[in-house]
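The structure appears right after this line, and notes come after that.
Going in written order, the chains are labelled A, B and C, and every chain counts its residues from 1.
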Amino acid sequence: MTRIKPDDPIVEVLQNVEKGASLWSDAWHRLCKNRMAVMSLCIFAFIGILSLLAPWISPYEYDAQNRSYGAQSPSAAHWFGTDTLGRDLLTRVLYGGRVSIGVGFLATAVSLIIGVLYGATAGYKGGKIDAVMMRFVDILYTMPFIIFVIILMVIFGKQFWLLFVAIGAVEWLTMARIVRGQVMAIKQQEFVEAAVSLGYSSPRIILKHLIPNVLGPIIVYTTLTVPSVMLLEAVLSFLGLGVQPPMSSWGLLIKDGAEKMENFTWMLVCPAFFFTLTLFCLNFLGDGLRDALDPKTSAD
Amino acid sequence: MALLEVRDLKTYFHTRNGVVRAVDGVSFDLEKGQTLGIVGESGSGKSVTCYSLMRLIPQPPGRIESGTAKLDGVDLLSCSDDVLQQIRGKRVSMIFQDPMTSLNPYLKISTQLIEPLCLHEDMPKKVALKRAIEALEEVGIQDAAKRVHYYPHEFSGGMRQRVMIAMALITKPDVLIADEPTTALDVTVQAQILELIKQRQKELGTAVIFVTHDLGVVAGFCDQVRVMYGGRIVEAGSTQDVFYRPAHPYTWALQKSIPSLQRKGDELYTIPGMPPVLKEQITGCSFAARCEYAVERCRTQPVALKTIAEKHQSACVRFQENELQGADL
Amino acid sequence: MSDAFLKLESVKTHFPIYSGILFSRQIGAVRAVDGVSLEIKKGEILGLVGESGCGKSTLSRTIMQLVPATAGRIVLEGQDLSKLSASEVRQARINFQMIFQDPYASLNPRMTVFDALAEAIATRAPLKGDAMARKVIELMERVGLSPQAMKKYPHEFSGGQRQRIAIARALAPEPRLVIADEPVSALDVSIQSQILNLIKKLSREMGLTMIFVAHDLSVVKYISDRIAVMYLGKIVEIGEAISILESPQHPYTRALVSAIPEPDPDKERLRNRIVLEGDPPSPIDPPSGCSFHPRCPYAIEACSLTTPEFFKTKNTNLAACIRVNEI
């Protein structure tokens, strides 16, 4: 690569390049003005960080049983009390958060990648390819979720990763449909025509031109998928099909707590409170993101 | 007394980034049966002027800061909503630029045509429907009795504009405000629509305020012209005066930029610079930054419309002091 | 003449209309381009005018291979584009480019000017780093944009500036044919002349062959060498630009020229304007014979029977009208 000489006129230009204001920064400013969304983000971040640091900050081991204690109500030693096996509930809630939020994000990430690529390709190609791809999606949609999970369990036994496979297999479908719709809406726009007439390849057009312009709805839908996935995990765990003890997730904790609700209410209330709070925060954040990214209120 | 007297109309938009002075002191008179053309480019304030007269400006962020618009003594800008309701659609009607979006796509044409009649003239539906069919025939729509029951999307662009004209004129208003009604139409359809408006205007004696950026349309259609720039009127006079004896450098620059007048082979004349940002309060003439004839005075002296010849006004200080003449341009 | 730069032979672009719920059959077609034959010399600028529905936009897109032609051949510099495979077309695209009408929609809102131009430049010359920066700066200066703005996004520019970016992007692959599809229609009058001057200057500097599509005849007169007038999918008249505007021969062209308002009050009031009756017919069911005959003030019975060929006229224009030399 040839070096530029210092007196080359382009040097001055390159040093004085003006900063651009992308549409993302506009959206970010709008989001910051939304108090509810910002608060939700902070609370969720707080819970998330606590859960992440669970192994380091929790007062007890998550599986340290102490049968002599057994089911104590909240006290100074155990802020959330203990469960029937004497395990500290606060610790279990924190660890549970790790699993629930972790599953939530990871499964969503998987469904995001598959769904976006699949949907964008189907939407862009259109015609027969689109028809075949979406029929496949339609067929998968009809699959009864719980039965699918049970079948997986029967074949592979009760493995943790099955959780991801099962949830991922379901969530990417809706994402694909949404992305396909969005892509079909914008592929008629002139800048896409321009990209075609410049001879850009289809993968380039999909990745660099189409997907960035449908990222708005994708982001919003993603923040709403996370709570949905967490709920799915909770349902599975509740039915005994998901996370297995001694690991905990909020879903499992709620299941245990629900069974013991009459006598040991704190065993239900504590995990349920955290779970609900997280879901609320994610939903409000999603709403805030949707308003911030709404193209109608973007730059004039 | 003129039919419509507008005095010192000011409409500002209070946005996050500052105050946009879209209309900054506009005054004009409209006589009965007269055609007044308001010419300017986008950002000149011509459309906002019309919307202000009909009080169709969204408030906030817009606000009619001051001014009066007296229709037979009633001030349209400050009268009560009830009085305005009675005037709008009955004595003052408006047609808009985009025929695609100006009609309600969910209602049949018949419903939309009958509405102003039932509302303003208390007509029973059957009689109103007959009037509606007549109105469609008057604007040249074939098979009116059948087509009156169509939906807007079943008409073409030119026909939709005719329907809009029919709707606007069905109550025989005193004033018709036309905001760039032919800009979105093909040139042959534009010719048809202009002929139509001229003809109906003659038959009904309606005064027309015609807003456009096309000088050619103004030349053939209007009696009086007001040239707007940066929210103000910079030249006012009869069509003859403004075209043959332009008294403002902007008017002259506009005329010069028309491609059809220029010789093939030369470079097209362009007005240097950019249209003004209406957020800053400019002392002096808002065109000075782009004007070939600007001197120091132009930027510092406050400008106002002054009479420079019989019934011909200009806001250019150099014209007012006879430093420039039409012949120089 | 086989040394024409661009040759269109009886090009037709029909869009089928289907009907039926269970078994959809084709019940008709929108005959957007219905038999266009044309030859353009190297370096020529051809103006293509017509009103909405005449098929000029569809014709542009057919030449650009954005829409497949239903029939006919498109031969660019001796190469028959209709015979190429999809990937061959993609590679050939650096030779023909398009400037679109809407400067607000033709730029990717999420890409900076630099990214958009670099991507386009890379189709011809995959440069990197400073070499690419140099090319981008050169291109921006050529179209009259300040290169310091290269990292800005489209929404930060005015309409006229956006169109300059679009022009830069179209010229980046160094094409030999450029189709400008109503590039100034969406711009303010005072900006139109700036962009027109720019397009004319660049086409001369770069030796481009250009098709300039517009509905405004006066704009087209300024920039074109020859003008072709389209009506309902066919060319009805073609000739030197001045000749078409000052002495139009075909009845439709006469009406079109007559409809242009002149910014001269006395002339406007006194002249006889030809005002056409009715609305343009739909391209789904065009009239028989000459498609203009239902609205033509000179139509006779023979007009509805045969589709006219081009006839030589008093001046050098060619007009598709059997009565053109009588009227």
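Just so we're on the same page, contacts are C-beta pairs under 8 Å (C-beta built on N, C-alpha and C of every residue); 3 or more make two chains touch, one makes a residue touch a chain.
All figures in this text were calculated on a predicted structure; none of them were measured in a lab.
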Central chain (distance from its CA mean to the mean of all protein CA atoms): C
Chain whose Cα centroid lies at the greatest distance from that of subunit C: A
CA centroid of subunit A to CA centroid of subunit C, Å: 48
Distance between chain centroids, defined by C-alpha means - subunit A, subunit B (Å): 53
Gap in Å, rounded to a whole number, between the CA centres of subunit C and subunit B: 32
Residues of subunit C that touch subunit A when the two form their complex: 64, 66, 90-94, 97-98, 100-102, 105-112, 119-120, 123, 128-131, 133-134, 137, 147-153, 155-156, 166, 169, 173
Partner subunit B, residues of subunit C touching it in the complex: 51-52, 158, 188-190, 192-194, 196-197, 200, 215-219, 221-222, 241-242, 255-256, 258-269, 273, 275-276, 279
Of subunit B, residues touching subunit C in the complex: 41-42, 156-159, 186-192, 194-195, 213-221, 239-240, 243-244, 253-255, 257-262, 264, 267-271, 274-275
Interfacial residue positions of subunit A with respect to subunit C in the complex: 1-2, 4, 10, 13-14, 16-23, 189-191, 193-201, 208-209, 212-213, 298-300
